[in-house]
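Input: structures, listed below.
Two complexes follow with chain A in common, the first pairing it with chain B and the second with chain C.
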Partner chain A sequence: MGLIDVLVGLVLSLPLVGAYAILAIGIVMIYRASKVLNLAHGVMATFPAYALYTLDGMGMPLFAALPLAIFLGGALGWVVQRVFVRPMRKLGETAQTVGTVIVLGLGIAIMATIWGARPLTGVALFPEGYITVARSTIRYGELGLFATMLVLFGALSALFRFTDLGLLMRGSAQNPRAASLMGVNPELMTSLTWIMGGALAGVAGIMLAAVAPLHPYILPLQALPAFLAVLLGGLGSIVGAVGGAAVVGVALGMVPLIPGLLHLQGAPQLMLAVLAMVVMATRGERVVATDVRGGIV
Partner chain B sequence: MQTNGSPSTQGPQSVSAGYKTAVIFVVGALFGAVAAVEVFPDRGGQQPNFALMDVSGATNQGGGQGNGQAAAPAPGSDFDQGDDSDFTGDSDQDEMIVVEGGGDGSTAPSGDGSQQGSQQGSQQGSQQGSQSGSDTTSTSEGGQTSTDPGSGDTASGPSAPDSSGDDSSSSDDSSGDDTSQGTNSGSVDVTGDGSGSGGGSASGSGGGGAPSGCKPSANDNVSTGVTADTINVASTVVSDGAGASLLSSSPVGMRAVLNKVNRDGGVCGRRIELKTVNDSWDAAKGQQTIKRFIEDGYFALPVVPSSEGLGQAILAGDIKNAGIPVVGTDGMRIDQYNDPWVWPVATATVSTMRIIAKHAYDNGARTFGIVWDNRFRFGLEGADAFKKQVQAMGGTVKADVPIEPDRTSYGSEATSFNNACDNTSSGSGCDAVVLLLVPSTAETWKGSNSGANAGRGKATYGHQTLFTDDFATMCRDWCNGMMVFTGYNPPIPPLDKKAGVAQYVQDVRSERSGIDFRNQFLQGAYLGMQVFVESVARCSPNVNRACVQQALNSMDYQSDLASTLSWRANSRHANKTAQGFRVEATGGSFNGWQYMQTGFLKDPAL
Partner chain C sequence: MTSTNRLQTIALGLLLVFPFIPGGSDVLPSVNQAAVFVIVAASLVMLTGWVGQISLAHAALVGIGAYAAGFAANVLGLPFPLNLPVAALAAAGAATMLGVVALRVRGLYLAVATLIFSWAASEFLFRQNWLTQHGSIEGVPIGSENSLLQFDLSGSRIAFFYVAWGIAIAVVYGLTNLRDSRTGRAFFAIRGSEMAAESLGMNVLRYKVLAFALSGALAGVAGSLIMTEARAVSPDTFGFNTSLFFLAIAVVGGLSSLPGAVAASVFFAALGELFFRYSVLGDYLELVSAILLAVVFLAYPGGLAALAVAATDRAQRTLRAARALPTTASERLAAMQEDEARRADEPRPDEEDVPRLTRAASEIKQRVLTRAARSVAARRLLEDATTEILDFELDVHEGSGQDVPTAPESEREAESELEPAAAAGAGAVSGQRTTEDVAPQTLAAGALPSVADGRPSRPLPDPARRHEREVLLEARGITVRFGGLVAVNDASLSVRRGEITGLIGPNGAGKTTLFNSIAGFNEPTAGEVLIRGRDVTSVPVFRRAQLGVARTFQRIQLFPQLTVFDNLLAATHLQNRTGFVQHIAGNRLALEAERAARLRVRKVVKLLDLEEVADRQVAGLPFGVLRMVEVARALVTGANVIMLDEPASGLDERETDRLTEVLRFVRDLGATLLLIEHDVRMVTSVSDYLYVLDQGTIIAEGPPAEIQSNEAVIAAYLGQADDDAPASSSTPPSDPAPPSDPSDPAPPSDDRVTVAVGAAGVVEEDNATSDVAEDGRVVL
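Here is the complex of A and B:
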């Protein structure tokens, strides 16, 4: 496998990296706010995609339908936090995580009931077209996914570093008691973070649905590699989440190009499993340190 | 100032390291489990018997029964030397359980083969005498409505299936259609002697009906799951997951037949009650569900659209050991053809792939490519059969690319494929390419191959899994000219003029108006349920598993939906043929299917 093959594999992995990074950023944000791994993130990504599909089918112009769909994603994040996560607080983080699992199952069932189990084609946000990379193609929508991820990453980094709101959110996540003593409502900050996380998930889902089948079962599961990306990069860092997504995306994208692995069934998952175990072995305790040292970025 | 606490009012360290470790472990274990399942898919320890797909027909090693020796073709049977069944279809496992109690059971003693044979012979004789030249399904207005299995499971008598209600039934509940037409063509022409080994034939397009004068009684010789007024059957279905895109509508086809039969008073006064459970096309979950069906005492498993779980159950011997009839399956996996208690109605995936290979070769193709689903068994078996057929004919497989379903992108796999086929903007280096994928995966494959000729060949073929309007509509111009093969007569001109085909469309649309009635798995489910009803009708009122087995082992089922389906004790390839249809899609839209006038092409290995 030569250098050219490696470069080709990297380029072809960009759509995967973009998708997983957007999802991972949302997962990290929510985790920082609630210390809960939101296993319903895939559902929170898929529902806005269906909403946009429906609004588009009703004839609503894209400039109105898109913000509305993203808003619905944020609203869903708020609902999940208020209904399924916050009430479980007294029972501990594990119970809260279970609450998100309930949302996952419930969400898939509801979406399948409303929109059926047939794969649909999501609303395209980018022009039809593609670029050719080594006898494969990358659609504009897939490139747009990666570009959007970069823009969002930059915007969120700037938000948390340079704005008062970002400072409030970071502080509230890092030390809610101290923040409340300073007049900050940590509950409000938590809810706001869930809303932002839901909106981010919605963006990811909308863009994914344009390049992958919009399906109540398939699309939510695209978030699974994003969880591994979060673990690789650290549960408390957006930068780490993007880095982790890059590792996961490249691994999944490059494996088929490795001689001998194309026909090995499950090779990408095997590689990711090994990677996950290495992470467990080498930096399981350091995940806690990341929470203490790092800010939300 | 609000000081009510957020989850970590004590600071970040309050989140226990143990919780984090547990989360990491769970996620890592999840990936490890997925990897293990993917790398070692055959958890039962049994390898697929690829010798059965030897196109030379030289080997006929044992199938699931491990007998190790092919049975000699029965006199007058209609399969060729390359038959890949080796079982003898013995009926030793007939339960002959007597239904007792509650006034709904019969007390007939268990019978031996001769008793069954004589009963069957008399049934056949009375049926022939009363039904020659008449429809098998009588028309009715009103009558009984279909019963929602979630509420309609009968529990009278010890032999009724246990409905604990812990299963989620994904079935459709359709109220009775008072305008049932019952315009079935054909007649029941049942012949056969007392031993039930003769070539009994049946035809019809609406399922079976009660023979004249047939009434259930306390003395009936019935099996578990059969009561005085019901025949309880069950099936796993696929409502979500990768297979949902082509299998989720199969229950509609099943219920279209059952609702019609039940509205007409059932089979010999017995309604057929169907319970369905979604297993998401998961092999382990499906097998466990089937085992539960067996333990709960259901009479039979009709159609069973979820082939993965059924395949596991067959390989594990669950079906054979229980002696439970599985009638009308979709032929996705080869193991369906190796069990004495399974009767597929579909053309096997391996057969379709061999037919495609031969069709392409006969039309000049010498270099081939295949993209196949590597998660589900049908992909593995079909790809293997295709490659062996190509090699046997002297062709070359230049591109052989397995892909994982449910991915968002296949960039690397597409590169590998297009490199192997030497696909460029000016042409494809592969004469023929086959897509052995489910629709959602094919759609993503298309997305990763947007360039001219990318992901395809000079001629592109699709397996029956892609024979849905939904897929063709999504695929549009990319699929223009793609040839998809099916073992049925789909509702496409001129075949849609056949009475049985038109009836099928009417029936399924009455169940769900917007259904994709060209979905071949929906059509297969409809046909499969018809065959099951016919087998029950032939045995009524003594509905027992042994009789059903004998009836099916000698049945020649004629239907407008397919070529004549003939099962025998040592041959399950009732449908050995397939015909081709071309996707017409230009100008950015799907314009319909065009019949290629191939006729039914036969599997070169059978």
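Here is the complex of A and C:
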């Protein structure tokens, strides 16, 4: 593999890095607020993509349909938290996680029923066309996905670092009781986090659907690499999540360049599984340690 | 529960003739499918419901089993019954891999790991040409070679019916046996608290991997059945949505209930049949299943099992009210025992608070226990089991209210100097006497202080002869560094047989760090820990428990979903020598070990007067009771040394007094205690020997009376620096507190005040006033 191949691989990885990073940021935010790994994140990404597809099909102009679809993603996040996660808090972590798993199954079943278990082409947000790097091409939509991630990451970092709202959200995620003593409603902040997480997932899903097949069984699983990114970057920070997404995205983006893997069926999934084993074996204990500390209190 | 038995017999009978019932053969494919569901759901119930490990990879495991079965038939020439073990082994191997991941990541992340595994299996593994070509049985001529051993299950639905349901029933039977055994309790303990499970001597690593392997093997068996019937399968069959479907069956059944899993399996198979039969319903099976799952999960998180229990309970109450007098002798006996149990329960004022379910369960348990207590074999077994690690005997002779005086001091002293093995035997004798004396009183009085009030508390062991007593647990030069911070600096202490050894120190002195090093929860940077002279510094926690060291936790680590009784039962782990295969088979040895364990727990429950709460779930009990249960649990393990981590923290004064009585009582039973505490009043009143830790260094040791007047100790507690402070005779003042150290705890806590009151008054006052003057902060 020459230097040029590596460069090509990096460029090809950009959309993956973008999508995984946006998803990972949402997963981290939700984890911090509710101490739940939201396995329904993939459904929260796919549903707005389908919504946009339908709205677009109904002839709604993009400038109206896009915010509406993203808003629906936020609403879905809110519903998941209210209905499936919060009531299960008393029953413990396992029950909460099972709750999000149930949303995953239910969401996929509903989407497969409404839109059918066949691949559709999502609505393109960026003009058709591509640029050529070395021997490979990268579409504008894919570049746009990466750029959108950078913008969102910057905006969220600013929100958490510089605004009062960001401070309140961080504070009530870390210690809800102390936050409520300061006059903040931690439940409100948790809901707000889930809404933002849902909207973020929606953005990722909508943009992924434009460059990859929109399919009820396939798109929701695109959140899995994002979970790995979160594990790699640590559950605590969105910077770590983006860093983890970069590693996972590049690793998966390189797959087609590795000679034996190009024509191997399921090679990306194999790569992901191998990566998961390595990451969990090396990083596992640290995550567990933080989990235990948080869990006992 | 004869009605349940009758119900089971009827159900089994019906099943036996099912294929020949009119119309029965029409729905046979779905009924056969239900058997496969039962096997997979049962394996999920064990792994997720009992051990708490979420698996979203079960469809993949079933798939691996299916392809392995096909491979065995196709390539190795091993047809159906012979390819079962191949399938089970292959899936168990894959599951073991997941289990190893589960050792590193727990709970939340395990779900992700299994999901990724499932995805990789269905997209990569099951799509490899070599597997799909050789992995299906299609094309293999039937009855060629091994025709004697070969069942053509694809040809006959009826044959498949009997084979599949036979396996399913065997699986449920085996797992039911496993549930109420040593292994099953280890599983539940791991779900409750891995730390506590380790400290009870359970090898968490081994049990987790075992659970995964067993669960995988069962999934593999199911896969083999699927392949044998279908003869060819599509990789899409084993996608993650199938895993979700299996999880749905387990959750709807009640996640930890085997009968629930069976019922849910039948239910979902019936649902499938319905959709297959009436095409009007359309292609909505997946959607309906998902909605059903969501509704059940939200409305009844306990699933079908919880619903059934509630319904049965209601029916039973109605039945009991309407029932005439029992006629046969055995029914009368059962009724009498039931009445006895109820009477024991009744006088409680909070009767109505107790959920009826719990009460019903307690009645059953009571009956089982009465039977167990009468079993001579069980008693003998218990006695056999209590020689090596058990130094004290918890044998309560029920109903014997005779007055036997406590053993004279000299006799006890002599005992403790005997060889360990001999001491165990002698301890049994004297222990019996003690408990005979105590138990009836405890029962009658119903309040804990009476345990010790009834007889004179044993005088403190003679400090002058301390060196003669055997050192059971020793820490030598323990140093613990966290980065640049030295939390514990060259601390040594020894715990001698029959004593209560106390370790005190102000907040932040490093007590808990030292404690955790001794208990094995963190490895010291330097120094060694010895149990009876054996170096255990890098020995894992569960092995230390096996060597006879039990512990309690400052933040209580009970198993919240279990009852008090079952929590204690989990602590019989080391007493019980039966193995996992015996548990599944439920053979005589396993049952007798189970009876012995229950008997043992019942004794401790009596001794520590926990009868009122024995059948209550731990979650929701008052804090003081939980502490007592933790002490009881340590006692049940039969450990030589019980380490207690700040047992008085969170207790009020009355509860602390109660605890003090209990600890003395436990010592008088022959146990040795190491107590870490910052409630100085409590620890000085109960300890025979004290170590004082300040800023990571042992600054003094000696009998409590000596320590209370030790100026270095008083200085440490009051934050007073005094370079000339005389140390205790036995330890040099290696590191006296520097003046106004910033790490010195500032706010005056309760124990400081207590020290000032309890220790030498005049000196302390001087220190206090000067402290105010120098630092400008008020300490007293």
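Points worth noting:
Quick note on the criterion: the second predicted complex is superposed on the first by the 255 of 297 C-alpha atoms of A that agree within 3 Å, B and C clash if a C-alpha of one lies under 4 Å from a C-alpha of the other, contacts with A are read in each partner's own complex, and residues count from 1 in each chain.
Keep in mind that, in the parts below, contacts are C-beta pairs under 8 Å (C-beta built on N, C-alpha and C of every residue); 3 or more make two chains touch, one makes a residue touch a chain.
Everything quoted here is computed from the prediction, not taken from an experiment.
Looking at the shared chain after the overlay, A:G253 reaches chain B, while chain C stays out of its contact range. In the overlay built on the shared chain, the residue A:I30 is in contact with neither chain B nor chain C. When the two structures are aligned on the shared chain, A:V133 is found in touch with chain B, with no touch to chain C. Set against each other, chain B and chain C differ in how many residues of chain A they touch, and the higher count belongs to B. In the superposition on chain A, A:G105 makes contact with chain C only, not with chain B. When the two structures are aligned on the shared chain, A:P87 is found in touch with chain C, with no touch to chain B.
Of the two partner chains placed by the overlay, neither chain B nor chain C lies in contact with A:A49. By the touch criterion stated above, A:T113 is placed in contact with chain C alone, chain B being left untouched.
Applying the stated contact rule after C-alpha superposition, one finds that A:P186 touches chain B and leaves chain C untouched.
When the two complexes are overlaid on their common chain A, residue A:A69 makes contact with neither chain B nor chain C.
Residues 36-37, 93-94, 97, 108, 112, 217, 221, 224, 227-228, 231, 264-267, 269-270, 272-273, 276-277, 280, 284-285, 287-288, 291 of chain A contact both chain B in one complex and chain C in the other. Those residues of chain A that touch chain C in the complex are listed here as 36-37, 39, 83-84, 87-88, 91, 93-95, 97-99, 101-106, 108-110, 112-113, 217, 221, 224, 227-228, 231, 264-267, 269-270, 272-273, 276-277, 280-281, 284-285, 287-288, 291, 296. Residue ranges of chain A in contact with chain B, taken from their complex: 8-9, 12-13, 15-16, 19, 34-37, 89, 92-94, 96-97, 108, 112, 116-119, 121, 129-130, 132-139, 142, 172, 174-177, 180-181, 183, 185-187, 189-190, 208, 211-213, 215-218, 221-222, 224, 227-228, 231, 235, 252-257, 262-270, 272-273, 276-277, 279-280, 284-285, 287-288, 291-292.
By the touch criterion given at the top, residues 48, 52, 54, 56, 101, 104-109, 111-113, 115-117, 119-120, 123-125, 127-128, 239-241, 244-245, 247-248, 251, 255, 283-284, 286-287, 289-291, 293-294, 297-298, 301, 555 of chain C touch chain A in their complex. Listing the residues of chain B that touch chain A in their complex gives 1-13, 15-17, 19-25, 27-28, 30-32, 34-39, 41, 239-242, 244-245, 248, 280, 374-375, 400-402, 404, 406-409, 411-416, 418-419, 423-424, 439-440, 443-444, 447-451, 454, 470, 474, 516.
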